[in-house]
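Several structures are given next for inspection.
Here subunit A shows up in two complexes: once beside subunit B, once beside subunit C.
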Partner chain A sequence: MIRMCDLPRYADADMEEIKKMKEAHVVLNQITYEPKALYRGYTDKRLKIDVSDNSVSILDIPQEVKEKFTGGKGYCLRYLWDSVNPQTRWDSPENAITMSAGPVAGITQYGGTGKCLVCTISPMTDIPIDSNVGGYFGPFLKFSGFDMIELTGKAKEDVIIVIDGNKGIISVEKAPLEHRDAHILGEELTAMYAEDENDRKNVAVVCSGSAAEHCNLSMLNFTFYDPKRNVVRLKQAGRGGIGRVFADKRIKALVCRFKGVKANLNDVYDIKILNKDGLKFHREVATLDNKQNAMRKSGTAYSLQTLSDYDILPTHNYKYGGTEKVSEMKAEVWQEKWLTQGGADGCWYGCSMACAKTADHFLLKTGPYKGCRVCVDGPEYESAAGLGPNCGITDPQVILELNFYCDTYGIDTISYGTMTAFLMECYENGILNKERTGGLELVWGNAEADLELLHLIARNEGFGKIGALGSHKQKAYFAEQGWGDMDFMNDIAMEQKGLEYSEYSSKESLAQQGGYGLTNKGPQHDEAWLIFMDQVNNQIPTFDDKAEALYYYPMFRTWFGLLGLCKLPWNDIVPADNSLRDEPAKVPEHVDNYLDLYYGVTGVKIDRDDMIRMSERVYNFQRIFNIRLGKGLRRNDAIPYRSQGPVTEEEYLSRQERYDRQLVELVGKTAEEVQAMSLQEKMAATRSYRESEYEKLIDAVYPKRGWTLNGVPTVAHLKELGMDLPELLEIVEPLQDVQP
Partner chain B sequence: MKLNDRPYENWHEGLTIRGVMDYMHFTWPKLVVKVNGQLVWPEDYGNVVLKEDDDLKIHHLLGGG
Partner chain C sequence: MKRLEKDEALCTGCRQCEEACSKAFYKTADRMKSCIRITDREDGTHKISICTQCGICAEVCNTGVISRDAKGVYRLDKKECAGCLMCVGFCPEDVMVQSDDCLEPSKCTACGICVKACPSGAIRLVEE
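Take a look at the complex of A and B:
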């Protein structure tokens, strides 16, 4: 076991080099300001920077915006809407990157309270993407006087933006010499803007990586400095290509320095409430985590083996739900061999769940940093599953190497894993071959080819240029070249709305098919993770039950993004007596904690219904935002058949007993009829049934959400929510009677 | 016997809750178990013997970061 107390510290950055880099900076604009102190979780100020002319504006956030949009993702979407128009695309100068942490973010009494939300028009989906991320930037931005930041325009040369929240200085600087890869750039800027070694923990950097200039899958890294390891850690706003937009604006990095984090910088209404609930939460973690998920030991990767047991772990591009080889990457392997134990691994102060694990002094075997020993943040479950079994890989060494390079190049591990799995299946089916890939033999489990693809993407060379497109555009390209059948590729490419699926196989859970398909941004599990409730527990057997779940959970989970909260402390640890509660799946005591936290910070008392209403306002706003940009209707919620059922004969045959039984129990065939059917007939009957079930699900869910059967929020529902804003009505009113 | 409102076809004399979990590969760490509506705590999973007409619920709590 690798123990924190035995860990050597990482070497310091070369300060002479950093001095040279700093001297090469040219200040393009600098302003001074008086940082506004927080009051009950808010500054009511937003910072707007246009890198086309380097203008810096500090603007008020009106009370009406606060009431309707709360903060976090709500603010991000509100001000993104105001910046763009229906013709705006991801690379339009007016496309904004908006970041906001939410009113509860930055408290240190409770776990998971440092999240920042990031939104932009995505290069992958052409609609708003939202992504949440840990690290210190979000809280530091608040403490520096801003509830949100908005970045627009396009710089002529690489710039960095620096906010010093103590001195009240904001500058836009030309920055030509710094490296692009995140693990180096984060170290350089942290050392550059810290006053001394002790000050490094007060510097937070946002950056992408060298792939971001050309790769649609690019994300944003948010750093925090880890004083025990003497290394900059990286957390990711991963989904939807935000890093590509960042690089297109030629923003190399965003830096915020703030010294003086303490218990009540939010100037909360009643800190006693926060202390009481925080203490209760920390005790739960201390006494129960080892018996529950052991998040403190292996982070979210604890669940790999378990999900394989339930046929949920995507394997070979979601063909299957698990593999016997998953034992090579079970929780004990990560804990014993790879992940450092005993570190204070929270991605914000005060999080005792500490799930941000690392593999330390990890020796790289490929790529530009071959031979270097580095700190690898992760792997999270999604990274390990997507980079691993989904591509036929179960070697932790390879998964960690892929994880490291994705992070430092600025590539989203989820999209990369899912996309590579698609490419491998294309290769296995002759859509791709060695000639077309430039020599990459992308067969299942070929780690060498997988890593080489990643390096090629980062260098924008060869087949890497195709890899950089993402699955959605790859399908069209392969079809144009005459390499593959579009219908087949539509079935097996696990993307919807242009975004690759996250890492759960949803074939046996209709509710989870909706949990992915009926999302605003695309198939990410952070709205509704219903597989167990549906597939295993059988708790939501009817369409009404599933619709209720697909109403409640997306709204409930949206609330975390409004407030600046991490979802994990909600249900990855549960109270000892949670089983005794009426609806244990909702973890009612923790929901009450969150209501307390909101009250304790803002002084505004809300109940569970209010919580859902707060989310509904933003959720419907985002839906209408999609419609404004030409999507957001029922046709855009269609999903690939691979997420619903077996596309290929080998998939059907691998679970033949199950599928044959379902033809009797669900489709209504007799056992004799099933026995007489050919494999192709069985597959066709299965497909017809499953696809019609999904349509029935939509018919149940949309009205529950207050939408027409075409997926358009009704005027009556918007009025009920207080969201009958003129700009929203202008879009939805003409669509009220339009049939799907 | 029913498991999560579905017929459980592998019931046999002496079957315990632990036996069902092993057979079904129920390895998720956060479970809520009830037999005929009565909560059973984890320390009793190996002791509670199930009858042929029992209504067993093994509910898995949500995950999904």
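Take a look at the complex of A and C:
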């Protein structure tokens, strides 16, 4: 076991080199300002920077915006809307990248309270994407005087934006010499802007990586400095290609420096509440984590084995739900062999859950950093599952290497894993071959080819140019080339709205099919992770139960993004008596904690219904934003059949007993009829049944959400929410009676 | 290593140690502001909770503001502390002090004030 107390510290950056890089900077614009102190979680200020002309504006956030949009993702979407028009695409100069931490973010007493939300028009989906990320930038931005930052325009040359929240200086600087890959760039900028070693923890960097200039799957890394390891850690705003937009604007990095993090920089209404709930939470983690998920030991990767056991772990492009080889990557393996134990691995102050694990001094075997020993952040469950079994890989060494390179190149591990699984299935089916891939043998489990594909994407060479497109565009390209049948590819490519699925096999959970399909941004489990409630615990058996869950959970979980919170401390640790409470899946005591935190910070008392209402306002706004940009109707919520049922014969046969039984129990065939059916007939009947179930689910969910059967928010519902804003009514009114 | 040791058999439950500690650091006689805690047991004996200088507080701290001095005592640098309270929540003896009047918690520095206040010799300061 690798213990934190035995870990050698990482080497310092070369300060001579850093000095040369700094000297090469050219300041394009610099302003000074008086940082506005926070009051009850807000500064009510937003910072807007247009890199076309390097203008810097500090603007007020009106009370009405605060009331309707709360903060975080709400603010990000509100001001993104104002920046774009229906014709705006990801690379339009007016497309904005908006970032906001939310009113509770930046408190230090409770776990998971340092999150920043990031939105932009996505190069993958052409609609707003939102991502929730740790690291110190979001809280530092608040402490520097801004509830949000908005980046628009396109720079002519690579620039960095530097905010010094103590001195009140914002500058836009030409920065030609810094490296592009995140693990180096993060170190360089942290060392450059810290006054001394002790000051490094006061510097936060946002950057992508070298793939971002050409890869749609590119994300943003948010750093925090880890003083115990002496290394800059990377957390990711992973989904939807935000890094591509960042690079298209030629923004190399954002830097925010703020010295003096203390427990009450939010100037909260009642700190006693935060202290009480925070201590209660820390004590829960201290006493129960080992008995529950052991997040402090293995982070979210703890669940790989369990999910495989329940037929949920996507394997071979979601064909199967697990593999016997998962034992090679079970929690004990990560804990004993790879992940450093005993570290304080929170991605913001006060996160005792500490799930941001690392593999330290990890020796790279491929790529431009071959032979280097590096700090790998993760792997989180999604990364391990997507990069691993979904592509037929179960070797932790390979998964960590892929994880490292995805992070430093700025590539989303989830999209990369899911996309590569699709490419591998294409290869296995002859849609791709060695000639078409330029020599890459993308067969299941070929780690060498997988890593090479990743390096090619980063270098924008060969088949890497195709890899950089993402699955949605790849399907069209392969069909255009006459390589494959579009219907088959539509069935097996696990993407919807242009975004790759995250890593749960939803075939046996109708609620999770909806959890993925009926999302705003695309199939990401952060809205409704219902698979355990539905498939494992059978807590939501009826359509009405599932529909209620697909109303409640997306709204409840949206709330975290409005406030600047992480969801994991909500239910990856639960009070000892949680199972005795009504609706234990909701973890009621923790919900009460969150209501307390909101009250403690803002002084505004809310109840559980208010919480859902706050989210509904923003959720419906985002839905209408999608409609405004050409998606967001029922047809856009269709999902690939691979997420619903068996596409191929081998998939059916792998669970034949179950599917045959379902034909009797669910479809209404007799056992004799099933016995007489050919495999193809059974597959067709299964498909017809499952697809109709999904449609029935939609029929049940949309009205619960206050939408028409075409997925359009009703005027009456908007009025009820106080969201009958003219710009929203203009879009939804003509669609009220349009049938799907 | 400098730390407190206890002999619960000698404790009379007078709580003068608690009072001395909280008065020294918080200028008030409040046992919840003491880094030594006495709990009465049903059988009439008393449990003495003391900091054993185990270092778990330092281990859980993100920012390394709790460090061990030359004598083996873990000390909290309040100037650098962000007041996250993880150290308080993870203390296995539950003897770190969190006060709503202060942004930072505090911990036992093995100063010996409680030892001097104890009339029965139930606690002592040892250096190994």
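Brief remarks on what is shown
By our rule, the second predicted complex is superposed on the first by the 740 of 740 C-alpha atoms of A that agree within 3 Å, B and C clash if a C-alpha of one lies under 4 Å from a C-alpha of the other, contacts with A are read in each partner's own complex, and residues count from 1 in each chain.
Operating definition for what follows: a contact is a pair of C-beta atoms (placed from the backbone, for glycine too) under 8 Å apart; a residue touches a chain by one contact, two chains touch by 3 or more.
It should be emphasised that the depicted structure is a prediction, and the values quoted were computed from it without experimental measurement.
Overlaying the two complexes via subunit A leaves subunit B and subunit C side by side, clear of any clash.
Within the superposed three-chain model, A:Tyr381 lies in touch with subunit B and out of touch with subunit C [touch as defined at top]. Applying the stated contact rule after C-alpha superposition, one finds that A:Ser83 touches neither subunit B nor subunit C.
Contact with subunit C, but none with subunit B, is seen for A:His282 once the two complexes are overlaid on the shared chain.
Judged by the touch definition given at the top, the superposed model places A:Pro227 against subunit C, while subunit B stays out of reach.
After the chain A superposition, the centres of subunit B and subunit C are separated by 70° when viewed from the C-alpha centre of subunit A, nearest 10. Of the two partner chains, subunit C is the only one that A:Tyr349 touches; subunit B does not reach it. Between subunit B and subunit C, the shortest distance over C-alpha atoms in the superposed arrangement works out to 22 Å. On the side of subunit B, the complex with subunit A involves touching residues 4-6, 25-30, 32-33, 39, 41, 57-65. Of all the residues in subunit A, the ones that touch subunit C in their complex are 4-5, 108-109, 198, 201, 227-228, 261-264, 271-272, 275, 278-279, 281-283, 285-286, 342, 344, 346, 349-352, 354. Across the complex, subunit A meets subunit B through its residues 291-294, 300, 303, 305-306, 309-310, 380-382, 504, 525-526, 529-533, 536-539, 541, 567-568, 571-572, 574, 578-580, 584-585, 587.
The residues of subunit C lying in touch with subunit A in their complex are 59-64, 80, 82-86, 88-90, 98, 100, 103-104.
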